[in-house]
C-alpha cells in the first residue's frame, strides 16, 4: 500500500546495505534524485541491476557504494563510455566491482519473468555470442515439442526497484507514459517499489486517460515521492526534455577522479532533492 | 561542396534502404542514414529504436536511443520486453544496423572489451541489443569508420555473430537469418560475398568462404588508402569475378537534407539551446 | 502491407479449406461479420483456435466447417453452454470434431510465445489439474537454475488471424482499445492477419492517441475491411455496447438443430456484411 | 423482507472480503459478492476480472467477464497474457473466486465434463482461468448452490486443484498457496478445517485431513435440509471442536444495495433496455 513520503524518508525506510536494487529507466524517466539520495545516505555493498547503467550508476560506482552490477549496456548513450565504471572494472578504483553481463534481450526477458513470478526466462538468444561462454548464468533448455535449444537466464527479482514516473494520485496509483521501457516489469519483479513522480493529482481516473495506459495500482508500490525534475538529466515526457548537454559534459567530469569528486560534492552531497526542480526549469519550455 | 567521408557513409547507407524496410536503428551513423532515406527516397520506411518506439519520424536525430523526440513522433511506443520479444525475435525487422569497436572480415563484431574479458585492457559499453539483433533481424548492415585498430584480423571478443570463423556458417550456430550483408564505411561499400562472387541472397551462396568484399569505392578514395585502414587482407570485387564501382557522389538533395538534419540536431543538443529556450 | 478490401474479397483472398484460424476477441471485439462471411463462402475442415469460442465458433461448428478446435473455455459467457459445440462433441453432429483443451493461462502464454516467435511457452501451470493427463501437448521443462518443474505448451501460430478493432487509417495502421485481450498477440502470431474495423480515418497519428496505445502497424496486417457493427452481438468499446440479450437468446436458438438452421439461413446465409450496421444502431446510444 | 438463499450467498461472501483484498472475480455470484462488498464495507477493494480489467467499479454487474462496463470503470485494462502472467502468476491476487459444476469436500472442482473426458455425457465449458486461479491466488473462495449432483463424493474430472485426495496436500502437487479456504453457498458457510479444527491460516494445519466443514448455517436452514443437498458425509464444526453459528441475517443496507445492483443489472441486460435506448 503506497505511502506518500519525503525522498529522505522513503530511501531510509526501504533501502539497506547489501540489497539488490534496480533503479530503472531506459533513457527516459531515470530516477536521478532517488539515486542521489541513496548516495547521500551512504548505502554500501549494493548490487545494482539495470539494462543501461548510465550516469547514475556511474556516480554510485564512483562513490564506492557498489559491489556488483548486472547490466546489458554500460555506456553513456550517444556520448561514449562510463569512465567511473571503467575505472572500477579496469583498476579497481575506488573498489573492485563484480559484474554479470547480459544482452538487452536477455535482461528484458529476465525482468519480464521476474514480474511474472517465474524463476527463469527462455528466449532465442546468445547464438554465436561469446557472453554465453563467460557468464555462467546463461544456460539452455530444450523445447519439449520441437527440440530446439533455447537460451535460459534467471529472472531478475530485486529487493527494491526505484522508478520515476509522470503522475501519482492521492491513493498512490502511478501513471507512466511515453518510453515505458522496463518500468512496469521492474516494479512488479521487486519485493518493494519506490516511485518518484513529477506531481500528485487527486485521482488518475478523472484524467480521461487511455483505458490501456500504463498504470501501476497503489498496492504494488511501497512509497511515492513527489520530486519535480527528479529524472534530470534524463527526462520526463510531457514535463521537460533530456539534458543532452549534461550527458555530453559527463564525459569530461568523469574523466578525472578529483574532478568527479568535486562535482559529486557540489551537486549531490551538498544538495537536496529540491534542486531538481530548478535544474529542469530551463528545459521545460521545450518539452 | 562535396560530401565529407562521414556524410558519404550516411548517404551510401541510406541508398540501400527501401520504402518497405523495417529498420532496427542504432544511434549515430545508422540513425543519420535511416532518417536520410526517410526524408528522401523512402518516405514510408519504418524506423524502430530499441527503446520501444515504432515507426518514428524524428525531426532531429536523437542523441540517445530513447530521446523524447522518438516517442513523440512514433506511431506507437511499446515496452522494452515487447520490443525484443514480439518485434525483433518475432522476425519482423528486415534490416538491423550494428556498429563496431572491432570488426572482422566475416562480420563478427566486438563492442565488449579490448583484451581479456575478465581482465580487460579497455572495458567497452558491451552488446546492448546487438547479440540478438545480429541473429534475429533478417539482414544486418554494419556502419563503421575504417581504421586499423577497428578492422582487425581477429576480434578480441565475439559480441555478436557474423558468419563465425572461416569454414563455419551461421547454421553452425543454429541461426537462419542472412546476417551481415553490407558494410558501409567512410571509404567504401563492402558486400559479404563468397569466393564465387555470390551474395547471401544469391542461390548457392557459400558462407564458409564469405568475406566482406569492396564493391564500391567512395569518390576520391584509392585502393592503397583503403588497404592502409584495414587489418585483414582486403578482398576486392575483381578477385571474386565482380567489378569495383565508384560510389556515385552525394546528390545536392541528399547533402542538403542530411546537413539540414544534422544542423537541427546540433542545435537541439547544445547547451546554448537550453539557455535560448529558457529566455523565450 | 495492408490492403483495404471488401469483406468478401478479404476472406476469399486469405482463408482456405484446411487452415488453422484464430478469430479472436475476449468477449470484446469478436469479428462476427468476418466469421459469417467464412460460413457463407463455405470453407471446410478448419482448425479453429480461440480462448473463448463463444457463439461465433458455435455457429461455425454447427454449420460443419470445423474439424478441430483448440480452446480454453467453450461456454456462452454468462449464459451457459454452447449447444452446437456440445452436439458435435457429444453426438458427432453435424460431424465429429477433435479438440485440444487448455487453460486460459496456457492459451494466453501460447499466443504470447507465438507472437514472440518461440516454439513453446513456459509457465507455472496445470498443477494438480487433470487436463495435463488428457492433453499430450502439456509437457514440462525444468528450470536450469532452480530445478523447479514448469509447464510447457506449444506456441499458437495460426495460418490466419482475424480480429475486429475500432479504427484503421488509410495506410492500414490499426487501433485497438479497451479490453484488448489477446488481439495483438493473435495478429503477430499469425502468418496472415485480417482486421475488420468500425471506421477508417485519415491518419491515426493525428488523433492525439496515448503514446502507448495498442496500435498494429500496417505491415503486420494483410487486409483491412470496414464493417461498422462487425462485432455484433459482441461489442466495440466507444461505438456500441454488448447485445447481452442476443447472447441470452442464443441459448434457445441453438438448443434445437432445426431452429439453429433456420436462424443461420435467415441471419447469416441470406445476409451480407451490411446488416451489421443496422443490428447495432439501437445499441449505439448506450456505448 | 428477508434475503433469498441466493442473496444470502452473496451477502455471506461479501462479508468475508476486506478493503485491502485483491480479488480475481468470476461472473455470477462472485461478481455480486465482490461488488456488494465494494458498495458497503470495502469501498477500496480491488476487483480484477480475467479480461484484463484492474480495479474496476462496475455500476451494473457484467453478464460476461469482458463487458464494456468493466473496462470503462477500471483503473487500467491490460492484455490477457499480462493478466495471467504479471497479476495472477505474479502472486498479486489475494482471493480467487471459483464456481463449480461438481465439487468435493476437499475443494477439488470439476467444470469440464460429466462422464469420461474423451466420451463425455455432458460437455461443460471447461476450466477457463480456473486451473491457475486455484493454485496462484493466495486463497480461494468457492461459491455454489448446494445440490446433490454438484456436491459429490468423487468428481468426474479435476479441473482445478483443491487439496487433492484425502491424505494428500497441495505440496504433493508443488503448490504453496492456501487453496480453497471458504465455501459460501445458498445454505451455509463452510470453512476448510482439519480434524483438529485448524484452518489454513492456523499453525499446524494438516491439509491431509482437511475437509469443508459447516461453520455457519444461514437463517432458517436446518442441518437435515443441508445434509440432503450434499453427496458426501457432512462434517459439522462440532466434530472438530468448533461451534456451528447461525449466519447473521442480511442487514437492511446489504439487501438494499444488493437489490439495487441487481435491478440495475437486470434492466441493462434486457432487450427492453435496447429498445428503450433506441427510442430515446
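Each chain gets a letter, A, B, C and D, in the order it is written, and its residues are counted from 1.
Here is the rule we use: a contact is a pair of C-beta atoms (placed from the backbone, for glycine too) under 8 Å apart; a residue touches a chain by one contact, two chains touch by 3 or more.
Being a predicted model, the structure only gives us computed values, none of them experimental.
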{"item": "Reaching chain C from chain A through chains that touch each other, fewest steps", "value": "1"}
{"item": "Smallest count of steps, each to a touching chain, taking chain B to chain C", "value": "1"}
{"item": "Result of counting contacting C-beta pairs for C-D and A-D, higher pair", "value": "C-D"}
{"item": "Inter-chain centre distance, chain A versus chain D - centres from mean C-alpha coordinates, in Å", "value": "40"}
{"item": "Chain B and chain D, separation of their C-alpha mean positions in angstrom", "value": "57"}
{"item": "Centre-to-centre distance between chain B and chain A (centres being mean Cα positions), rounded to whole Å", "value": "28"}
{"item": "Shared-contact residues (touching 2 or more other chains) in chain B", "value": "71-72, 77-78, 85, 89, 136"}
{"item": "For chain A, residues that touch 2 or more chains besides their own", "value": "112, 116-118, 123-124, 148, 178, 180, 184-185, 209, 211-214, 237"}
{"item": "Complex contacts: residues of chain D adjacent to chain C", "value": "27-28, 50-53, 62-68, 70-72, 77-81, 83-85, 88-89, 112, 117-118, 120-132, 134-136, 157-161, 164, 170, 172-175, 268-271, 273-275, 277-278, 280"}
{"item": "Complex contacts: residues of chain C adjacent to chain B", "value": "1, 112, 115-118, 171, 173, 184-185, 188, 204-205, 211-215, 217, 219-220"}
{"item": "For the chain A and chain B complex, residues of the former touching the latter", "value": "26-28, 51-52, 71-75, 77-79, 81-82, 85-86, 89-90, 101, 103-105, 108-109, 111-112, 123-131, 134, 148-149, 178-182, 184-185, 214, 235, 237, 241-245, 247-249, 281-283, 285-287"}
{"item": "Parts of chain D lying in touch with chain A, wherever the complex brings them together", "value": "20, 22, 44, 46, 54-55, 71-72, 74-78, 85-86, 89-92, 136"}
{"item": "Contacting residues of chain A [partner chain C, same complex]", "value": "116-120, 122-124, 137, 139-146, 148, 150, 152, 154, 177-178, 180, 209-214, 237"}
